[in-house]
Structure formats: structure tokens, C-alpha cells
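What follows is one structure encoded as C-alpha cells, with my remarks underneath.
Letters are used for the chains, namely A, B, C and D, taken in the order the chains are written, and counting of residues starts over at 1 for each.
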Amino acid sequence: MHRFPANLLDGYRNFMTGRYSEQQQRYKVLAETGQSPQTLIVACCDSRAAPETIFDCGPGELFVVRNVANMVPPYEPDGQYHSTSAALEFAVQALQVSNIVVMGHGRCGGIKAALDPEAEPLSEGDFIGRWMSLLKPAAEQIASNSILTAAERQRALERVSIRNSIANLRTFPYIRDREQAGTLSVHGAWFDISTGELWIMNGETGDFTRPGM
Amino acid sequence: MHRFPANLLDGYRNFMTGRYSEQQQRYKVLAETGQSPQTLIVACCDSRAAPETIFDCGPGELFVVRNVANMVPPYEPDGQYHSTSAALEFAVQALQVSNIVVMGHGRCGGIKAALDPEAEPLSEGDFIGRWMSLLKPAAEQIASNSILTAAERQRALERVSIRNSIANLRTFPYIRDREQAGTLSVHGAWFDISTGELWIMNGETGDFTRPGM
Amino acid sequence: MHRFPANLLDGYRNFMTGRYSEQQQRYKVLAETGQSPQTLIVACCDSRAAPETIFDCGPGELFVVRNVANMVPPYEPDGQYHSTSAALEFAVQALQVSNIVVMGHGRCGGIKAALDPEAEPLSEGDFIGRWMSLLKPAAEQIASNSILTAAERQRALERVSIRNSIANLRTFPYIRDREQAGTLSVHGAWFDISTGELWIMNGETGDFTRPGM
Amino acid sequence: MHRFPANLLDGYRNFMTGRYSEQQQRYKVLAETGQSPQTLIVACCDSRAAPETIFDCGPGELFVVRNVANMVPPYEPDGQYHSTSAALEFAVQALQVSNIVVMGHGRCGGIKAALDPEAEPLSEGDFIGRWMSLLKPAAEQIASNSILTAAERQRALERVSIRNSIANLRTFPYIRDREQAGTLSVHGAWFDISTGELWIMNGETGDFTRPGM
């Protein structure tokens, strides 16, 4: 029962004989000099949408926050523990990243839960319910839109969630300031697990389109 | 300024012609049937320690929470937004993972900040300071140990942080229950960025040792 | 009862037919010309950590002091008998070694005793207690660190003991002088009995890392 | 200047690919279960007379004290630091060895110094002079014996020193008690560096003879 999962140890051995041995020097340098990633990415915990895989990134490239449904809460300097806000602060203020990317994806379980008003809490604490309530007004509006199909409602809220996170990013004074000074830019993206398509958000209109390949 | 980062688009093209085209069928099936990862991993945002890379995992294998210093707060059903607790609940209650792995790593910037009592807040909100205060008692005890080198203090707190997260995991009633019922097991691991070494925590003693290769 | 231990006589026969017969000439020359080892090593008495074995050294290579927990007391020209200080003086002043290595090791019984404030003296004279009191301030600081595991405290003090011995070496005027003149260098090392790993101390920081193999 | 001696690192690599890899399991077990050597050996620091080499002993077999001229001081429970007495106490009381062997050797530099009344102190502290003064009455008597050759005086004092150490061992109450109870035996041996001969002390007469091979 308490043995470390064997598939992870096997994977680790592959890493050591493969990527690590190819990039040994890079790992050493990154350890010595510290990380200086250009990009912070806020992504979902979903096992099918790892940012390093989708963007084929090596060590040192992406500073990655992953929570359910890739959400950024609004700026709330209230003395509580804020996992995501702490990571933003570290990435922007200490590491001085140049880009923030909020990446959503299709078939997101958190978004699906937010669209189901009948959903029972998963536990007495109902942490998922509270976390997804960050999207509540949007979720209610979309859930009640009966002329969209279930899949269309799901995809709509997945994209609303990305725009919502980006709007919340801009409630952080130091993000707003840097964006205005031109030293930081903020982006949205959405990944389709089934087809592998990446859709990029247009910063002006909020629409998502596929980049030219 | 607002163009999507070119290196990410290049990486995405590599993904499409490489891993995605090799695993197209797997992505399609995972999209249709939904994810059913066996393992939840709580890891750090650090750009040098991506779990999918270190464990050489493909799509569908790891449900991944990433926050600064791979921390799990204690169970606090207080109606606040709890990013990490929400992800735990989703992974354990909805996805029914069999394993939780807390993975720390060397040269962790969050841990370094926690050990520096003179550190200025990075922003007025001091989100990092508040987040790292989850480790405050341990950090103070280690920071005051003047006969250890700075690197030794850092490594000690990195490992204490893993044990602390694991202790906090067990304050969640549904995790404790499943662990006792034998349907869920909890593990610790620590990754050395410089050497690529993985150290596994002994569940009995809390000590870290290298797995046989 | 008073027969010389048979296993030692057997081992001696192996030595005569093996290494001695291969290196007969070398032994003869070393007897005629005297020893001129380049290295003094201060190691522990522990039966699992013989320096000649770990460094695969032949006759004439290592001048070896072994005491419990590889300790060097500070320079105390007080007219008492000082076993370790006498050996240092002989190695540096008479034999003019170029290197001093202080080698500690894992699972050291002396270090374990130093970390146990409740330990009963082994004899009325309490020689071990007095000898280990050379490490007392460090041992107390580490023993009180309750968030480290017992094994972590043990390893921490094993390494502190090496740094402590090295600091004490530099209280000997003739060692300090030669080090400054560049004719003598001082090193630390730590041997892991279980894995066979050797960790080398960085002279600048005091940290221990594994040498490239 | 401050690089770890290259010949030692080379030797360590030989150890890892040679003896350690052959005896990996034995090292692991010795680490887990702790050492339980049958024999404590008090030997000289001399680089030409390593006990593990001469008795062809593997890990876990010999608990080894090495000081200049393999000396045991008399029992002095005076609150000073006593390196050799601490090691005796640990080996006999904690590890409960069955045998103590005092091993001297030919061409011993410490013995040579003790026989030279004109010798200048090697340093202001004169640690060697004080340490060798443990043998002073015997050394004076032999030094003044002008009908022996220098080599004969040297060999005579080398053997007197072994008998002296054995007599001092018996001033330790717990050694005397165990010897009388038949649970501990005490032996002398002398190694000839040039010829490889081992001479064993007869416990009754104090004479040294070669064992049958």
C-alpha cells in the first residue's frame, strides 16, 4: 500500500536516461543561476492538459500555477491564505515574467460542475462548490440559456472563465501597472483535448481563433 | 506587445507534429471517456520541476496542483475560496485517485523567502508572505539554527514542508478515511534540480532516501 | 581464551599470499626510505568506514587518525596527553603532508550518543560523554529541532562535526600558517555506509555535494 | 589548491566499482542493523600499517583506534578529553567487543622520537613530546642501553610499548572485570613493514613469536 507508485518510478527512470541526460548541463546551470522564466501560465489541474506538454517546454521555461478550471480570484488583500495570488505575486514581482497566459481546455470537470445547479457537494466542506462560485454569475446566466446545447454551454463557460481570470488579473495593482508600462502582457488560450487544437484569445475582442500553423 | 508568445506557438507546433500525432487516439479516447488519473500530485510552480517531465507522464496520468512551495493548507471549511483544497476534493472525491504525491524540490524560491525573516513584502498585499506563513513555526525553528549552512537550512525546510503538507492532507476527513480504508495512499518526494536525483519519503520515519534504480 | 583471534590470522594469511606478495617490493622500499604520505585523514573508529578501503589506498598513502566521531579538539598547549593533536603535529610538522581530510560517515554511534540528552554514561568515567562534549553546543541546537526527523538530526550533526573539526584544525598555528602559505589544504568528506556515496565538502560554503563520477 | 585530492577520488571510484559493488548487500545490512565488530584494534597512524589491509578485513569486522605509536593511556577519569579512552569505552561497553588487539609495527616514527633525547619539539605545543612521554621511563632505560644497536633499541621499545598499552588497558575497571569474567581477551601483535611478518605476543611471557602459517 505504501510503496511509491511504480509507474512513476519507471517514468522517472525514463526521464533520467532520456531528457535529463540530454539536458544535464541545462539543469545544472538552472540550479546554479536560478530560474528566470519568461512566462507564467495559469492552467487547470486536468491530467490531459499539461502546459509543458502542449507547449513542448523544457526546464526553466514556464512558471506554472494549476488549479481547478484555471481560475484567478480577484485581488483580495485580506490576510487569508491565497495560493493563486501568492504565485502571481512571486512570478511577477520576484521573477519579473513578461507574459501571463491563462489556458483553459475542453471537457473541464470544474466547469461542468459549475453548470450543474443540482450538483450535490462532493464533501461537507464543499470546497469545489465554493471555488467554482468565483464563476457563479456567469455560470447561472449560461446554465439558464436553454437554446444552447449542453456542449455549447460547456464550451461557452470554459471561455468565459478565461476572460474572467484575465479581468481578475487586472485587479492586481502591480499587474495593471506593468501591463500599462508595456513590460507585461496577458493572454488567453484554450486547448481542445480531443483534436489537439489550440485556440488563442484576441486581446481586443475576447474571441478565440486558431493561430496560423 | 499583445501577440501570443512566439516560443509557445513554436512549441505547440512541435507538440502537434510530435507527441499529439503519436498519441492522437489516446487524446481522443481521453476526451470521450473523461480522465481517470491514478495520481494527484501537489507540486511547486517552479519552472524547473514539472511533474510530467520528471515522471515522464503522458496525457491522463497525473492530476496536478501547482502552487508556491507545494503546500497543502489544513482543512478549513470556512466558506473562503480554497484553490488547493478544492483541487484535492475534486481529485479524491470525484476522480477517486489512488495516490497523492507531494513533491518538493531543491532551490525553492518560496522556501528561501520563508527562511528570510528580513524579507520585504513583494507587494502591499504580501500574498507570498501570507502563503508561506503556513510554514512559519517550522521556518523560524530552522532559520534560527545557525550551525547549519544556508543550503542545509533550505533543504531541511524543503523536506519539512513536504511532511507538513502530508500532515495537513490528513486533516481532511475524506482523505483520512480513505487512507485508513486502504483505498488511498499518500507519498512524499523531493527532486534535486541540479543532479536530477529523486528522493522518496519513508512513510514511517519521514526520512528521504533515493530509490534503487 | 587467549588465542589470537583466528579470523585475524586467516585474514593475515590472505594478506601475505595476496596484497603483500604483489607489493613486496613496495613494502621493502617503504620500510627502507620511511613513509611520506601526502594525506592525513582524520576518520571515525567505526568498523564500516575504513579510509583505506573507501579510498582504495595502498601502503604509504594515508596517515590515519581514528577516534570516535572523527573529531579534532581545539589547540590546547596545556601539557596534557593529546592523542589527536600529537598525530596532527607528527603528520604536518614531521611528515609534511599536503592534505588533511576529515571524513565523517552516516549512522555514527558517537554522533547518535551526542544527540541523546538522556543517555546514561557508559562507565563511571564517562569518557564518551566527555569526548562528545566537544560537540555539545552544536548537538544541543540540533537536538532541540523537533521538526527534523531523528535521521535528519543525525546527518546534520555528522556534517556539523566535520566542519567543527576543520575549524578546530585552523586553531593550530602551524596548520593555519601552512594553509595560508598554500602548502597544505584541508578538506571535509562524508561517507554513506548504506549506499557507498561519498559527499565532499565545499570549502567556501561548508555544504556537502557528491563529486562527479 | 582546494580541490579534493584527485588520487583519493580515483581510489573511491575503484572502491565503488570494486569492493562496494561486490559487497553492496553487506554494506546495506550493516547500515540498517548497525555494526557489531568482534574486535577493537589499537594501531598506529602509520601509512604503511593499516589494520584492515594486514588482516584483510571487510566492513564491520574491526573497530579501529589509530594514534601515534598505538598507545593506550592509563585510566584517568579526570574530566579531560580522552580520545583513546572514549573509543575504548564505546567499543567495550556499547559494542561489547570480545577482543582487543594492540598492534605495533617496525620503523615507528613515534617510537624513534621517544628514543631521541636530543629531539627538538616539532612545535611550541610539543604535542608529540607529551604524547610519547607516556613511554618515558621505558624509553629512557632503553635509550641508555649502549650495548644494543639503534635498530635493536627501536624494536625493543616498539614491543615494550605494546606491553605498556596492554598494562594500561587493564587499569580500566570494566576491561579488567570482563577479562576476569572471560568475556573479553586482550592481545598484542607487531607487524614488520619490510618483510610483512606478523609477530604475536604470548600473553603469559610477553614474548613475541611468529604464528604457524
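Simple rule for what comes next: a residue touches a chain if its C-beta (ideal position, glycine included) is under 8 Å from a C-beta of that chain, and two chains touch if they have at least 3 such contacts.
Every value quoted in this text rests on a predicted model; they were computed, and no experiment measured them.
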For chain C, the least number of touch steps when starting out from chain B: 1
Taking all residue numbers at the chain C/chain D interface, are over half used by both copies (same) or under half (different)? same
Taking CA centroids for every chain, report which one is farthest away from chain A. D
Indicate the whole-number Å distance between the mean C-alpha point of chain B and the mean C-alpha point of chain D. 53
What whole-Å value do you get for the distance between chain A and chain B if each is reduced to the mean of its CA atoms? 15
How big is the gap, in whole Å, between where the Cα atoms of chain A centre and where those of chain D centre? 67
For chain A, give me the residues that contact two or more of the other chains. none
Building nodes from the protein chains and edges from chain pairs that touch, which of line, ring, star, complete or other describes the result? line
Mind listing each pair of touching chains for me? A-B, B-C, C-D
Taking the touch rule as given, give the residues of chain A at its contact with chain B in the complex, in rising order. 1-2, 4-5, 7-9, 11-16, 18-20, 24, 27-28, 30-32, 34-35, 37-39, 45-50, 52-68, 71, 73, 75, 77, 79-91, 93-95, 99, 101, 106-107, 109-110, 122-128, 130-134, 172-174, 182, 185, 187, 189, 192-196, 198, 200, 203, 211, 213
What does chain B use to touch chain C in their complex? 137-138, 141-142, 145-152, 156, 159-160, 163, 195, 205-207, 210
